[in-house]
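In what comes next, chain A is part of two complexes: it sits with chain B in the first one and with chain C in the second one.
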Partner chain A sequence: MKHKMGRLLTPYLFLAPNTLIFGIFVVLPMVYGLVYSFYRGNFIGGLQQFVGIENYRQLLEDRAFLTSLAHTAVYVLLVVLLVVVLSLMLAIALRATTLGNALARIGFYLPVILSPVVVGVAWRWMFSSDLGVINAVLSSLGQSPIPWLTDINWARAVVILASVWSMAGFYMVIFIGGLNTIPTELYQAAEVDGASPRQQFWQITLPLLAPTTLLVTILATINAFKAFEIILVLTNGGPGDATRLLVQNIYLTAFEGANPTYASAQSVVLFAILMLLTLVQLRVSRDS
Partner chain B sequence: MKKAWLIVLFLAFAGIVFAQRTLQVVWFTEAPTEQAIFDRYVKMYEAANPGTKVEVTYVPFQQLTQKLQLMVAGNTPPDVARVVTANIAEFDPVALDLAAYVDSSSFLNQFLPSQIPYIYRKPRIIGAPLDVTANGIFYNKDCFAEAGVKVPTNSLQVWTWEQWREAMDKVRNNSKCRFALSYDFTTHRFSTLLYAAGGRFIDASGKKFAIDSAQGLRTLSFFADLFKDGFIPKGQWLSNDDPSTLFRSGQSAMYMSGNWNLAQFSQIKNFNWGVMPLPRDKIRSTVPGGKFVMGFKGSKNPDEAAKFILWLTSKEINLPFSKDNMVLSARKDAKGMKYGQFDDAIAVFQSDLSVTPSYVGQDWSNPAMARLNTFIRGEIVKVLLGQQSPKQALETIQAEGNKLLR
Partner chain C sequence: MNKTRKRQTRFLRDALVMGLALLFLMPVIWVVLSSFKPNAELYLVPPTLFPKEPTLANYQSALTVGHFATYTWNSFFVATMSTLIALLTNSMAAFALAKYRFVGRQALFLLTLATIMIPLQVIMVPIFLVLRNLGLTDSLWGIIIPPAATPTGVFLLRQYMLSIPDEILESARIDGASEWGIYWRIILPLSIPALATLAIFSFTWRWNDFIWPFIVISSEQKATLQLALARLVGQFGVDWSTLLAATVITLLPMLMVFLLLQRYFLSNLTAGSVKG
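Let's look at the complex of A and B:
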């Protein structure tokens, strides 16, 4: 009896430390965040008044929040699209195990291990309108400098490119893993049947990579929604609020606006969006 | 017997350890020299107070507010913190009241009148002034000499805004400096022009915003034109480029900032620099501000915190401390203090401060300014981006400000 009980408890004992850490550092702050979102308060006075869904109602009229939400939607769409396409292309190009490919993989993976702050600083050094290397080169060639970070559209493009550059290497590795699970016999058979490389890609590679593509899409979407440090260092959300995304807006509301409860409501909305998108993606994958 | 001695020794040691107080201090730094100087003064305090250990957490200025907000929210406020004007207004409700430790009138009487509105919430004293700051313009003497532009040295004959613009044009076109003016990305520095134009943010009653005025419009239009005409590099206000870097690297002929840069600029070796009196429009004015030390209600050692604050702002300590950091002491008895090689520069800041109207300090000691700082800056940026006219920006700021003051 005692032995059976022990056997039953063992897995839970192994899981306990992780569950405890997860509970304290993830679940508890989430619950706190949710509770805070129904209150009015600040850092100094704490929670002052229960306001029900007032913070959420206010979000619907908050121009800064709605603008950052719209910016985030465009940013996520473009970043995820570019990341998936680029990392898949890299994976296909560098799939074969040769020394050159190994070196190239390392090169493309390097940005992933860099701190986002370092990525932001590096891109800033390159693209700063007044101090950047690229404009210095353009000027030395007699060309007019480009307002990379002071023009709204250029700044958005640079932010998206920097994000894609910093993420693509990671997803390339996942795609290479996925490609390696596709049996080579399928390609050999297709070649015998006279299928062109393009046909092989559309008929074999892409369908069999669907689970990996889904995984990459989900991960890239979640990461893109949480983008913060690179943009903070690169443009600080500017010019104006042209590159201010939801997470930065939450940060500004909480700390510069000293309004943590209203910022909590925004965080809850972000969480709900991410949860919904993930569920939809999983559902689509299951149905297909 | 031997054992007994060991026990006595152990207990004595334990007694010393447990009797020692640890004073938690949060100290923000702006110049690389500041930390070493403060460490030296901390050691002096510890030597004079053997029962106290001072534990200092250094934070960059940009992280100060967030650090204090989180410590206060987590019910673990520091005993003492070095803060700026915006912070002292924000943390007023949790400030340690120094009035319980001093005779209020004789304590306040030690400091310059411009600093009193920030710390005195009758009858409470919520902090002590450490030093006075003044906005001002640093300039690259080599670029001005190369362009043949003479900077006014007599504070009675300062440039008008139009003369200042002409000087910018000449220096940019006739010297190695690529840009005429670097400008800190803050509402506070922008306001230097507003006050020179004779404007103000909040009216004399303190209950209504007054920025939507002819003076406000003149200021914002003039400022926007400086960007449009390429005198100020756009990146400094549109994409967070560091204005100080452009000046320190010798690429910008002027830099609108403040006296707190003196220590940092003493390291510049590649060109000669100086400080010019602020150009006038309707009046001459700078924007006084300051650094303060404050304690917090609910900290572990409030009595020791008050003792440390009073020590740091006392004449014996504050005067040499200010001199070491090359800042203007907030004490009245610091008048005439010499700073060696920076005497000329400091004289210019002091001259600007001496003609500044008192309502400038009242504007910035109003908690509404701390709340609206970022908002105002955002509205100015929209003007620079061409998303709205200066008039629209002023109306929006005025409306938002009045909402807050109500």
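Let's look at the complex of A and C:
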């Protein structure tokens, strides 16, 4: 009898350490964050006053927040679009298991294992306006240098490209996995029927790859919303606030502006956006 | 005739994709090449591709920046300890989820899956306050413990453990093995491939972590390599020659891990799919 009771408890004991860490460092902060967002307070005095939805109301008129939100929306849209297309192209091109493809896959994946700080340094070193190799090559070709990181639009472009570059190989691997689940007989049959490679892509590859594409899109979207570190090193959100995204704005509000409760409200908004987008993407896939 | 033609096009194709991959890697290659150039050559127009007079001077100055040995040790310590904790706690949780029937199992499993989607960035502010209340700010343990409960790791290990036949566990029980003994002597040794995968990923994540130390660590002595590197960039007037060498030193361990164990990274492991 005693033995049986012990057996009943066993799984919970095995779960305990992980759950404890998880509870304290993920679940608890999430609850805290939500609670903080309804208060006014600071790091020293703690929560000082319940203000209801005042923080959220204030967000609607906060230019810095709204700007960073708009920047994030454009950034996410472009990064997701580019990274999905690029990684799918890479996966299709490197699908066959030849030696050359295997080595090329290693090459395209390599940026994924670099830390975001290293990625930021590498891109800044290439695109630095006065010291970067791109401008050095341009000027030795007789072209005038381009202010890559100091012009608003160029800086945005470089930030987006660096982000795409750092993750494309990762999604490529997922896409290759998806491609491998498509039966080769389908392509053989299509070939017999005289379908061109392009037709095969649109009629076979793309429809059968839809679940993988959805997964990649969701992962890429979440990842893009999290963007912070590469940009911090590359442009530090500048020039001005041209590349300041939501996460950096939250960081600045909380730690530089010493306003953790107001920053918490921004975090809640970010979380809500992420959940909503994931749900929408899942729903869209179910309907189609 | 046709066959040699085919072989030629295949060779050309292989050369083309490898060439493109090399071009793709230019930002990294350029950092490595530049790190061996003397200061004067670093800013030459037109630039040299390979260093004309290769030098290790940049590495010497990188190693004397602040407490470089301390940063390196901190990074190793954090990545190793966090990985060990993750291996232990994740495998225990995975064992419970894979091999026991109990109330709330399904709910817990779904919760684990859902939380893969919660990025740290969302809880950045409150987690700082939690850590501060626990006295874990400006402590290496503050960046070791919190990320150890990776949901990705639990998921990966659980999927693997499901494939271990229950009969083995039952016969061990009949032979009088304790539940812990079953976990420690049967499940863990049989799960080594999955554990190795998690270890590699976890070490990579923790080595590359930036936001955790950025929020938690304030003193020089506790900084990790990533943090030190970012601080070098943040300084007014970047000292590129030193920074480039420091960057290469920071990426080198990961590069070696990756090149030695690339099949772990390149196998389609959607479970390890979220950088966590």
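To be clear about the criterion, the second predicted complex is superposed on the first by the 270 of 288 C-alpha atoms of A that agree within 3 Å, B and C clash if a C-alpha of one lies under 4 Å from a C-alpha of the other, contacts with A are read in each partner's own complex, and residues count from 1 in each chain.
In this text, a contact is a pair of C-beta atoms (placed from the backbone, for glycine too) under 8 Å apart; a residue touches a chain by one contact, two chains touch by 3 or more.
Every value quoted in this text rests on a predicted model; they were computed, and no experiment measured them.
Engineer: First (chain B), second (chain C), both or neither: which does A:G107 touch?
Structural biologist: In the superposition, A:G107 touches chain C alone.
Engineer: Decide which partner touches more residues of chain A, taking chain B and chain C as the two options.
Structural biologist: C
Engineer: Does the superposition put A:L131 against chain B (first), chain C (second), both, or neither?
Structural biologist: It touches chain B and chain C both.
Engineer: Thinking of the overlay built on chain A, is A:V173 touched by chain B (first), by chain C (second), by both, or by neither?
Structural biologist: second
Engineer: Is A:S140 touching anything from chain B or chain C once the two structures are fitted on A? First, second, both or neither.
Structural biologist: The second partner, chain C, only.
Engineer: First (chain B), second (chain C), both or neither: which does A:A155 touch?
Structural biologist: A:A155 sits against chain B, while chain C stays out of touch.
Engineer: If we overlay the two complexes on their shared chain A, which of chain B and chain C does A:E256 touch? Say first, second, both or neither.
Structural biologist: first
Engineer: Would you check which partner chain A:G45 touches, where first means chain B only, second means chain C only, and both and neither mean what they say?
Structural biologist: Only chain B is touched by A:G45; chain C is not.
Engineer: Show which residues of chain A both chain B and chain C reach, each in its own complex.
Structural biologist: 43, 131, 236, 255, 260.
Engineer: Write out the stretch or stretches of chain A touching chain C in their complex.
Structural biologist: 6-8, 10-12, 14-15, 17-19, 21-22, 24-26, 28-30, 32-33, 36, 43, 93-94, 98-101, 103-126, 131, 133, 136-137, 139-140, 165, 170, 173-174, 176-177, 180, 215, 219, 222-223, 225-226, 228-229, 232-233, 236, 247, 250-251, 254-255, 260, 263-264, 267, 270-271, 274-275, 278
Engineer: Over in the complex, which chain C residues touch chain A? Could you list them?
Structural biologist: Against chain A, chain C makes touches at 10, 13-15, 17-18, 20-22, 24-28, 30-31, 34, 42-47, 85, 88-90, 92-93, 95-97, 100, 102, 105, 108, 115, 117-130, 134, 145-149, 151, 154, 179, 183, 204, 207-211, 214-215, 226, 229-230, 233-234, 240, 243-244, 247, 250-251, 254-255, 257-259, 262, 265-270, 273-275.
Engineer: Across the complex, what residues on chain B touch chain A?
Structural biologist: Within the complex, chain B touches chain A at residues 65-66, 69-70, 72-73, 90-91, 93-94, 179, 233-236, 238-241, 245-246, 371, 374, 378, 381-382, 385, 387.
Engineer: Which residues, counting only chain A, touch chain B once they are in their complex?
Structural biologist: 43-46, 128-131, 147, 149-150, 152, 155, 235-236, 238-241, 252, 255-258, 260
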